[in-house]
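Several structures are given next for inspection.
Okay, so subunit A shows up in both of these, paired with subunit B first and subunit C after.
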Partner chain A sequence: MELRDAARKLLEEGTVQGILGYRRGSLPFRTRPYLFRNPEDIEDLIFTPFCTVNLARYLFHLPRDCRKVAVVAKGCDGRSLVVLMQENQVRREDLYILGVRCPGMVDRRKLEERWERLGEEEVCVAGETLVVRGVAYPLSSFLEPSCRRCRHRSPLVYDVLLGEEAPLPPREDVLSELRCLPPGERWAFFAREFSRCIRCYACRNACPMCYCKECFAESHMPSFLHPSPTLRDTFVFHLGRAMHLAGRCVACGACERACPLGIPIATLFFAVAETVREHFAFEAGMDVAALAPFVTYREDDPDACIQ
Partner chain B sequence: MRPLWEPKIVAFLCHWCSYAGADLAGVSRIQYPPNIRVIRVPCSGSVDPLYILKALREGADGVLVSGCHPGDCHYLSGNYFARRKFLVLHELLEFLGLGGRVHFSWVSASEGERFARVVASVVAAVQNLGPSPLVKEQEPYGTP
Partner chain C sequence: MRVSSEGRIVSYEAFLGWFEGKRVFATEIVSSRLRLPFPVLPTPKSLLLPQREVLYRFFWEKRTWNITPAFPSEETVFLLCAPCEARAVVRVLDAVFLESAPQDTSYARRRKGLTLFVVGCTFFGATCFCTRVGGSPLSSEGASGFVLSLPFGMYLEGEGPEGRSPGPLEKEELERVLEHLKQSAPPPFPERTPEYLFQAFGEASWEEVAWGCLNCGACTFLCPTCFCFDLAPEGRLRGAMIRTWDSCQFPKFTLHASSHNPRPHPLQRVRQRILHKFSYFPLRKGCFSCVGCGRCVLVCPVNWSIQEAVERMVSGAQ
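Moving on, here comes the complex of A and B:
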């Protein structure tokens, strides 16, 4: 596998002190992020359509002697890295971006819902089809929600780009269904979803952009919300986060996958990203030199919502 | 007859324009609905969207944020930055189905009349929507 060869070479030549990548998890379809430090371990490095975790998050947990690290980056990891570089959280020269062309990530929960006791060897992805127990299905209907609306599957900033180019399937917008509903029903939907939230903060902890040492959710001076999982506190938490992610969220969907209750929380961030794209012509993670939408302005910004 | 329920509205007014505008409305004895609770802020650009969310969390049925007209900011560009934040928050609340509760306006220090009109329209809009769905529920926890 060319990814393993490239990674082994980087470690052996001492270009980097570690490779941030994926290895097999202990349950079927699970993969786990892993920092490969020995060339002998590279045998375990994998890249499958189940490598959903956003590795940019783990840059904040590196051991101190790992000065330069190579990151296996799909499109969304690559965009996250760009935002982190934009915000001076990581330096380009400390990174080696092992770009991989992503086929789209398969939603493990969908497979487990549909088939019982499915083994990993019974599933394979070939181009645009997903073969399960010898029967072919269209891959697009089993993709993660974030992958179904993905625009850029390969990273835009990288040192090498591996893998074969796969055509981008038509985007399925998970937002348009919601946007068609009347406002009352939309709020009923979100109120129902927010009420289920237990405020474990797993979504925030999985988010590569949520690197603040002290989060507003846990701040006491000033305090914005109570830690109790009531509707109004949950509302402030998710909306506050959505505002903080405006123009920064790269729509990787890590929050949604981390949620133990399966709340479709990324829809909020997708909606914000859409607003930013539409009104400020800005997409997060495209260009290291670009100015984030909230640190700049134009005199002719839209002001239709202002009296 | 006025309806029994009166909305509570938190108004963040910028010190240099809208607060002075509100003052002018008062000095000129212009009548406007008494539903707003004014919080004076240095600039509309200093209004973090979290302030607005917190106001809603604490039981406000609506929020008004008002600052200087574009180009008139005392700090030169505060209201331009504010405008971007407001637009995103406005669209997000709209998407959630909570549109019509958070309002933004530009009111200068000489526009007492206009301030009264803005407040009246905000109160009317929020009154139409009814109590905030975030305060309807009786919850055991108070102010954090």
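Moving on, here comes the complex of A and C:
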């Protein structure tokens, strides 16, 4: 495999001290992030349509002796790395971006729901079709919501880009249904979903942009929300995160996929990303030099409230 | 694993009929295997140690604090759960909240009203490892009734509707299930696992074992045995003291008032989770505080497996 060869070469030549990639999990359709440090382990390195974790998050989990690291990056991981570079969390020279062309991530919950005891070998992705037990289905109806609305499946900043180029399938507006609802029903939708939240913070911890040393959700002095999951406090947590991530969130959907209860949290972040795009003509993670809308101040700002 | 002579066969309808008019819940593991019309709970913990629980209400008036304890009701509740989950209640939660002094009043009241009804397992799920930690897919420990769903009907022991005794064909089928379970049972962890892990505290391999864990609380919150809680008041001069779940994976779990934190590093917190379940708790109470339900592996965002971690750490023991 092209990816393994490239990764092995990087380790053998000592270009990097480690490679952040994926390997097989203990269950079908699960993959595990792994820091490959020995060229012999590279055999385990995989890239499948089930590599759903955003590896940019793991830059905060590197051992100290890992000065330069290569990251296997799909489009969203790549854009997350760009935001982290913009925010001075990582330097470009400490990174080797092993870009991979992403086919879109398949929602394993959808597969598990529809087919019982499905094995990973019974499923394969060929172009825009998903073949399950010999029957072809349109891939788009099994993709994660974040992938159905994705504009950039390959990283924009990279050292090497692997995989075959494929045309980007039409982008789906995953928010259209929700947008048509009156505000009251929209609120009811989020209230229904968030009432299941147990505040385990898996969404926050899977998010590459949530790297605060102390999260507002866990702050005691001052305390912004109660640790017990009342609907009110849960709303404060998720809306607070949404505000903090406006203009920074690359809409990778890692939060939603990390949620043990399957709450569609990313819906909120898609809406935030689209609002930022609409009002500030800005998309996070496109350009290292671009300044994010909420860290810039212009004296000639057309909005009078900010002057 | 055995088939008792007092076992009887009842129909699915009779089984459900027996619960009519009673307050019944089923855990997620059970309801994912049997079609049941009962409300679903993640684990028995949600009933006994709810995530949000008012311990007492308070208000400040005439320069004194007025405190009213809040007692949960002792209402009778039935819970259909898996054998591992019943063990989690009897062996772990009861040992901590009932059998230790002082007893936890609100837990004791809730526990008094709870009747466990075990639904035995006919196969090992992909993440199941109850037999590794001393459990069994057919254990009825702590339950008032035990039921096994088989192709010909429900095999029942203990409390429940009347039925007929199993015929020779049904006995044969039962034996087949038992034999299959016996063949596919994962072997127990080595006998001296708690002592060995205790010694292994300082080993360098923890770093690799713990790597990958995101330090979220999904595993601990959805674990049937994890019982750590936090007390947090709501309101200043009038309000309530709330008990809520806490997780050893959170950085502030061990934060002292002095600002010292004995477990600031994610690795230390992962190690704590393993050692508490597989070393400290068994050394004090005589049994693992992990019942091998495997839910933590199932819900983990990165498929981190506690079973593999323990296996790896004790692999040097034999």
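Everything below uses one rule, namely that the second predicted complex is superposed on the first by the 296 of 307 C-alpha atoms of A that agree within 3 Å, B and C clash if a C-alpha of one lies under 4 Å from a C-alpha of the other, contacts with A are read in each partner's own complex, and residues count from 1 in each chain.
To be clear about the criterion, contacts are C-beta pairs under 8 Å (C-beta built on N, C-alpha and C of every residue); 3 or more make two chains touch, one makes a residue touch a chain.
What you see is a predicted model; the values in this text were computed from it and never measured.
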Subunit B or subunit C: which reaches more residues on subunit A?
B
Should A:53 be classified as contacting the first partner (subunit B), the second (subunit C), both, or neither?
second
If we overlay the two complexes on their shared chain A, which of subunit B and subunit C does A:35 touch? Say first, second, both or neither.
second
Please work out whether A:63 is in contact with subunit B alone, subunit C alone, both, or neither, and reply first, second, both or neither.
second
Is A:305 touching the first partner subunit B, the second partner subunit C, both, or neither of them?
first
With both complexes overlaid on chain A, does A:272 touch subunit B (first), subunit C (second), both or neither?
first
Looking at A:246 after the superposition, I want to know if it touches subunit B, subunit C, both of them or none. Which is it: first, second, both, neither?
first
Which partner does A:138 reach: the first (subunit B), the second (subunit C), both, or neither?
neither
So, does A:257 touch the first partner subunit B, the second partner subunit C, both, or neither?
second
Can A:202 be said to touch subunit B (first), subunit C (second), both, or neither?
second
On subunit A, what residues does subunit B touch that subunit C touches as well?
220, 226-228, 230
Which bits of subunit B are touching subunit A when the two form their complex?
49-50, 53-54, 56-57, 70-71, 77, 80-81, 83-99, 103-106, 118, 121, 133-135, 137, 139-141, 144
Considering the complex alone, what residue numbers of subunit A touch subunit C?
25-28, 30-35, 53, 57, 61, 63, 198-202, 204-206, 218, 220, 226-230, 257-260
For subunit A, which residues are in contact with subunit B within the complex?
178-179, 181-191, 216, 220, 223-228, 230-233, 235-236, 239-240, 242-243, 246, 268, 271-272, 275-276, 279-280, 293-294, 297-299, 301-303, 305-307
As the complex stands, subunit C meets subunit A at residues 51-52, 126-127, 207, 211-212, 214-218, 220-222, 230, 232, 234, 242, 244-247, 250-252, 266, 297-305, 308
